[in-house]
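Labels A, B, C, D and E are assigned to the chains in the order they are written; within every chain, residues are numbered from 1.
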Amino acid sequence: MLPITLLSVFGIAGLFLGFKLSKPTMSLLTVLFIAISALVFFVPYDFPAELMGNMMVFDKFGVAFSLISLFIALLIIPMLGNFNEKEFAQPAEYYSIILFSLVGVVMMSTFNHVLALFLGVEILSISMYVLTGSDKKNIRSIEASLKYLLMGSFATGFLLFGIALLYAATGGFTLAGYTAYIANNINQVSPIFYLGLLLLMIGLLFKVSVAPFHFWAPDVYDGAPIPFTAFMSTVVKMAGFAALYKVISVSMVGLFDFWWTTLAICALFSLLIGNLVAANQTSFKRLLAYSGISHAGYLLISVTTAREGSDYDLLFYSFSYALASVLAFYVLDAVAKATGSEDLDALKGFAKSNKFLGFVLTVSMLSLAGLPLTGGFIGKFLIFSSAIEVQRMAWLVFAGIMLSVVGAYYYIKPVAAAYFKEGYTGGEVEISSGKRFAIAAAVMLTVVLGILPVVFSLFYDAI
Amino acid sequence: MSVKILASLIPLLPFLGFIINGLGFRTIGKSLAATIGVSASVLSFGLSVWLFAAMTGSGVTTQEIHLFNWITTENTNISFSFLIDHLTLLFLLVVTGVGSLIHLYSAGYMHDDEGFGKFFSFLNLFLAAMLLLVMGNNFLVMFIGWEGVGLCSYLLIGFWNKNTAYNNAARKAFVMNRIGDLGFLLGIFLIYITFHSIDYNTVFSQALAGSPGEGVMVAITLLLFVGAIGKSAQVPLYTWLPDAMAGPTPVSALIHAATMVTAGIYMVIRANVLFSLAPFTLEFIGIVGLVTALLGASIGLLQNDIKKVLAYSTVSQLGYMFLALGVGAFTSSYFHVMTHAFFKALLFLGAGSVIHGMSGEQDIRFMGGLKSKMPITFITFLIATIAIAGIPPFSGFFSKDEILAQVFVHSPVMWGLAVVGSLMTSFYMFRLLFLTFFGTFRGTHQQAHHLHESPLSMTLPLLVLAVLSAAGGLINFPQLFGGGQWLAHFLAPVLGGEAHVAHLDHSTEWMLMGISTVGALASMGVAYSLYISKKQVPASDAVEKGMLSRLVYNKYYVDEIYDTLIVKPLSSLGSLISEFIDTYLVDGIVQLAGGLTIWVGRQMRYLQAGNTGFYVFSMVLGILIILTFNLLF
Amino acid sequence: MTEIPEIIRLVPLQHFMLLSAILFCIGVVGVLTRRNALIIFMSIELMLNAVNLMLISVSSYHSDSAAQVFVFFIMAVAAAEVAVGLAIIVMVYRNTRNIDVDFLNNLKW
Amino acid sequence: MNALYLTLIPIIGAFVIYMAGSKNAKYLALFFSLAILGFGLSTLLSFNPEGGLQGVWSMPWLPKAGLYLAFGIDGISILPILLATLITPFIVITTFDKKLYREELFYALIILAQGLMIGSFTALDSFLFYFFFEASLVPVIFISAIWGGANRIKATLKFFIYTVFGSLFMLFALIFLYGETPGAHSGLIADFHKLELSSTVQAVLFACFFIAFAIKTPVFPFHTWQPDAYTEAPATGTMLMSGIMLKMGLYGFIRFLLPITPLAVSEYGHIAIILAVTGIIYGSLAAVRQGHAKRLLAYSSFAHVGLIAAGILVFSKDGLSGSLFHMFSHGINVVGLFFVVEIIASRTGTFELDKLGGITSQARWLSITFVVLMLGSVALPLTNGFVGEFLLLFGLYQYNPLIGFFAGTTIILGAVYMLRLFQKTMLGNAGSHVKNFADLSATEKWVLIPLAILVVTLGVYPEPLMKLTEPAVKQLIETHYLGR
Amino acid sequence: MAEKLFYFLSFLSILSALMVVFSRNPIHSVLYLILTFFSLSGHYVLLNAQFLAVVNIIVYAGAIMVLFLFVIMFLNMKTESEKPLSWLMKLSGTLAGGLLLVIFVGVIKQADRFVPSEVDFNSQVGLVENLGAVLYRDFLVPFELASVLFLAAMVGAVMLGRREVGERNF
């Protein structure tokens, strides 16, 4: 609870400080704010339960998810540097909105009462609508914002209708209530409950851009300014999965037989669409967007598995995916700045004049492709090795593994362009020290997660 | 020094010669290279003689020398060991003896060649490999030598490697040999599987003790014989041998007449126990041998290249040897191997001497009247011709006659055919002799001017070989003439399988001898009348020939048939694979799979048309499907 | 404690739920068949109101106040969403002079 | 510990080389490769063939999941490890005469590739194996795609995608097996070996493993990446791929396929063997008419490894011993031959056989070494090639004489295409591109002469190497072979 | 009586909701939507949720819809501004919505009829007093956090809605 409070306060404070402070200072300050809020998780202080009203539970899962989300957000903050240079940019607002949206993230990761979920989703979504459209002179950004808004609120409608139906069936809003209802009526679950569950699930699937509810994602990711795309495809997605996992895999696990096929098929479709369409992209940014859909598919496999330890798998995978994505977006940001293009062709020969970023790109792509030496591989391993325990999901595991080959194909394309081809038009890209720090941290972590994944379980055990 | 070391030195010395000359090529002077090469072979000849003397003196018939384990796995153990017995000793003597002479000859013959040192090194390597072949105590060591001599044959045929035709000939020889080698290798596998060993002693004693069944024996021996077919140039794998004449003449003499090509015979004699247990194979060998003998001889009738004639003659003579093997006359076969080694080496060296004198000319149509210019060559060549024609009292008569006698016992029909072959032999050899040495010189003026007798290093071996060719028959002098058949007795311990050879009564034997001798003389007469009396010279290639003679002149078109039936189809298959099947079919499927995946992705991509209405509609559609699916089913 | 209101006794809860479902679906149809961003947005508001109706009716039948507070939050959120949404629509209009969603398809494939 | 050092030192070395800059890169690379070779030799000296698994080092990797960072050496892996340590110094030296773009990266990648490849041989945990199996692709890909020929990117990508595609099958199989292990699960290969799986499951796993390793090796019809990749890669990349990398596939057959799915091997092994043998003939025939020297060698390598794969799948002592030995000798021969071809191409500027010829009279040392390597490749007795091929063919012949015969045609066809290669490049009249051909330089001699000596030495006296593998092969067969 | 009122209000709300969707003129849509809200407020009153009925009027009909109206008038939207959709899309859209409704109806009809028991029924839950107590006790945290939402929305709306240099007002 304390981190949420702090984030809100810092957000407000940021708005005011924005009048006085320069852009780099704001950036640094925001990093500091987020870091403090994250550290506060470790302060052994609990709000009185009666004040909490059972809205949120700061359990291991929620705290871990919140922490890594905050950490990823921390890594993304320096990326705003380029965007902040636009003449209409309002850095203080961006930072504050990000801080506010992080409140939503923490709420989604730790909710117990679906109202907290709903509020969290909305805080996050509304912030994202705004941030997506923040490149105000760019028609693509605006279009993305509108599409996101319309489809997002449409999905929210389904989410709410689901919640309402669940309420009609169970008379409550808490996850514990749902679990209890299932336990008490295991043989005569009301059809209304089923319907509500499905609609709630659909609402959340939309938020995490799982096929067939993924249509918004490529366009929105494509249109949004790069740092916010990075934010959306990592932090927002992670929060969505945390919520989905809590709702479906934890509280509804008694109805596993009911929902697993749906999720499995959605996962399959995400993998298919994400991978196959990404393979046809010429724009690096859009490629990353589709790759996000395919990773949603992998994460959904973990959600569907719903076994003991799946939470850890989910966490690990999201973290490694987010790290790699952030790196990819950093590279994209640099290339876009240098060449003015977000296409794959803009990357041609990029690594020759930008050795560091070339290396970063390689690490990131390898991790996203799930090749060894990187966290992406361990993440995939964890997910698949859990999923294989559920015998009937073997086909999904097989499909997931096999579709990685398509992933390998399109992830290697940027690397191949950067290293093996000629024709880079931009010069050497200046990387500010903040960015350098963030990138270095993410690279290190990606590699460390790949080679010594023990580190992550140490972190997890420490919470 | 122990026998082990000395025996090992026999192949090792030439091998060292090979290393020294091979690595020092172009840095070692010619005389030194010759010294090294010749002395290596002479030394190993000396050692062989010593070994021969030591073993016959002490009465030891066999001696095994274990050197080291070569290939060992959990259930296979193949050692690198030597077996010295009487058969080996005889081959050692022939190989090193003839080999030394030819080394000596080469020192003169190759003197002006820039690859002099290389030549000696290869020659030494050949000697080493050939010695390994005959010294091994198991089939695989024989196989080492077997392939080793094949390699040397390749290297030496293509010795003048700027000439593409020579290179092709070399390649052809190696590849054809390899076809046989595969059979040999498979035979070795089958032997191993049957007897769990490939040591001669173990295999033979087991085969004698309890035969594993005739079928298996036939299979083993047929496979081994395939190896022999390749190495010893029998039908159908004989075509490489005439082409092999591309190599320098000493090579033809040593490898393609005296030693390497007889390796097949050595192998059959060595494995006589196995072959005797497979009568079918023996019959088959006999037929193959007979066919080869006739085919080779008939082609030889009309060839004009001095070396080609000799080459076909070799093919034909090898056929006789196999014929002998086929009727179970292993001693006779070996006897012929030995005499053939003498007189055929002599013929080749003589031919080499002629070619040397003629500055490289090999076509007998452009020779003639050389007997006065090259007397030593002429006389030795004459001796060899008489020997090969089977006219008494030279060695060829005895060895060939023994074979014919044994064949007669086996089957008079085969004998009849064999005699026909022998008549042809006599004819083409005398044709060769007459065209080359008699009459008037038909070459260019320049050649005539240059014509000379060869140097001593070349004529000395000729003389030695002439003596051997003349007197070689003594070694197995038939009982008929009061001889003791020393060779037969000497080889008896080795030939476990020859027990059944029948003996003819003397009158039949006399008759057979008479027929073949008279026939040979008659053929000589025909040749004399044609080429001396009528002074005919074979027509030039441009002249139209009768169908039969054209067929024979073009070697029955066997090369062309092989080319169209085997080489061309395989090589077009190769082109087809590498240019079409691999890129378009096999890889096509791969590319198609990849392409299809991408294509599907591209189609899916069109769903993402940027149309919010459609997006929302798809979402609702998705919801509908999920709801229907979950709530109805 | 107190008397059950007439409507709760007479009208089955299902009818309220049906009404709510009907309104919700009308909202969905509106989203699906209209291309004016504002009207789509209004349809979405309609859907939210359907949810509100559902929650309130169930809440009243169960005499549980939590859902009504929930509705309160939904209204608040809806208001916030509308504020942002209208800002975005205005921004779109400023840049394109059009708020037809089909008109906007720069982002595709 | 040795196993760990062997894996780790090159990886560290690669970083050192990269950091040290391009000036001393080649010498540092040579230093490291020699150091590893020394280390490999000392490992060899201390290796006890009867001692089973040795030099073990392990620590938990993913403790909860039962994965270990476990390294060790046994009789199966000792030869591939030795090969990797032995070949790399030569590969490094081959480039000494050249001026390369970004040398520090180049040499770092070579040494890194070596480390990762050794890692795949020393890994005792299946996922660690997979890890190295995939990771070793990365440096090789980079070497090929940065320093390669004109079509390098396309060929390299194809290679990459194809291999990854294959190894994903393996990943599936490994994950499945992992799920089958009792209790808290374990990824150790040894634990996989203990599993008793039903025949259907084995069949599926067999298919997965076979595809994975067949692509890596490659076995017909999964080979089509190979000619392109070998041709387009720089010589160094080709050597790494053909010399060491493809051994990972063969090693995988022995390590995974045979012991884990013995039932399926006895049931479906013949299909795989027939494919492999088809590949021998197919590859040989394709090589026979090949006009591009490197492509010819690529097909030849494909044919040879087909034989090795077939020999492995026979699952007999002869086949396995032979395959392990032949893996070793194939590595030596193929590296040597590719280097020879590279030398010729770098001096004449072409790989086209029709434009070459007549080199032998100008380059004696090249001729000698080329002949020796060629003889090793055509498996002439007393060269290293023969020992392996003999055992492999023997194993195949015992399996089925007809298959043995078809596999045996490699003896004939091998001679056909290798002699053609030799003749077209070295013999005859000087080709259009052959002018003033310089004989081997000192550094080139340092590569080719030792390799040639190895070819002969191993052929004459293979026993020490055979002894290394014998107990392990015996143990493998006795524990897992089920007859057919 | 209450029953009839319910059905009347239901009819009214459905009709006006349909009109929202089918009106060509956006202003009509807005007005019909307001009508829908009013009828829904009527339902709320019937259900004893007077507080929410009032809030609904104030927030929705009063604030939100007026905002809509303003925007429409600012943008000066004409009826024709919307390109008519193809009948196919319209049909399929309607069909999809109809199918969705069928599923909902099917599910809801299957549900057991709920009859509140006389014993623990509380008609006072919808009153402001009661709600206030719940809101500030159980829902305190979300209540406070809703302010974050508002703040974010406000900042965002201002940020996006602000006219940049060189941009037109509307």
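Here is the rule we use: contacts are C-beta pairs under 8 Å (C-beta built on N, C-alpha and C of every residue); 3 or more make two chains touch, one makes a residue touch a chain.
Since we're looking at a predicted model, the values are computed, not measured.
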**Asked** Both chain A and chain C are touched by which chains?
**Response** B, E
**Steps in the shortest chain-to-chain touch route ending at chain D and beginning at chain C** = 2
**Item:** Chain centroid nearest the full-protein CA centroid
**Value:** D
**Prompt:** Most remote chain relative to chain E, going by C-alpha centroids?
**Reply:** B
**Prompt:** Most C-beta contact pairs, which chains?
**Reply:** C-E
**Message:** Can you compute the centre-to-centre distance for chain A and chain E, using the mean CA position of each chain? Integer Å is fine.
**Reply:** 31
**Prompt:** Approximately how many whole Å separate the CA-defined centres of chain B and chain C?
**Reply:** 98
**Asked** Roughly how far is chain D from chain E, going centre to centre by Cα mean, in whole Å?
**Response** 70
**Message:** Centroid from C-alpha atoms only, then distance chain B to chain D, rounded to Å. What do you get?
**Reply:** 37
**Message:** Which positions in chain E are in touch with at least two other chains?
**Reply:** 85, 89, 92-93, 96-97, 100, 103-104, 107-108, 111, 138-139, 142, 146, 149, 152-153, 156-157, 160
**Item:** Contacts with 2+ other chains: residues of chain B
**Value:** 594, 605, 608, 610, 612-613, 616-617, 620-621, 623, 627, 631
**Fill in**
Two or more other chains are touched by the chain C residues 13, 17, 24, 27-28, 31-32, 35, 41, 59, 62, 64, 66, 73, 77, 80-81, 84, 88-89, 91, 101-102, 104-109
**Prompt:** Name the touching chain pairs, please: which are they?
**Reply:** A-B, A-C, A-D, A-E, B-C, B-D, B-E, C-E
**Request:** Spell out the part of chain C that touches chain A in their complex, as residue ranges.
**Result:** 13, 17, 20, 24, 27, 31, 37, 40-41, 44, 47-48, 50-51, 54-55, 58-59, 62, 64, 66-67, 70, 73-74, 77, 80-81, 84-85, 88-89, 91-92, 95-96, 101, 104-109
**Prompt:** What part of chain B is in contact with chain A in the complex they form?
**Reply:** 594, 597-598, 600-602, 604-605, 607-608, 610, 612, 614-616, 618-619, 621-623, 626-627, 629-631
**Of chain E, residues touching chain C in the complex** = 1-3, 5-6, 10, 13-14, 17-18, 20-21, 26, 29-30, 33, 36-37, 40, 43-44, 46-49, 51-52, 55-56, 59-60, 63-64, 67-68, 71-72, 74-75, 77, 81-83, 85, 89-90, 92-94, 96-98, 100-101, 104-105, 108-109, 111, 113-114, 116, 118, 120-126, 130-131, 134-135, 138-139, 142, 146, 149-150, 152-154, 156-158, 160-161, 163, 167-168, 170
**Request:** Show which residues of chain A lie in contact with chain D when the two form their complex.
**Result:** 309, 312, 362, 366, 369, 371-373, 377-378, 381-382, 384-385, 388-389, 394, 397-398, 401-402, 404-405, 408-409, 412-413, 416, 419-421, 452-454, 457
**Request:** Mind listing the chain D positions that touch chain B in their complex?
**Result:** 161-162, 220-221, 223-225, 227, 282, 285-290, 295, 299, 317-318, 321-322, 358, 360-361, 364, 368, 375, 380-382, 387, 390-391, 393-394, 397-398, 401, 404-405, 408-409, 411-412, 415-416, 419-420, 423, 426-429, 460-463, 466-467, 470, 473-474, 477
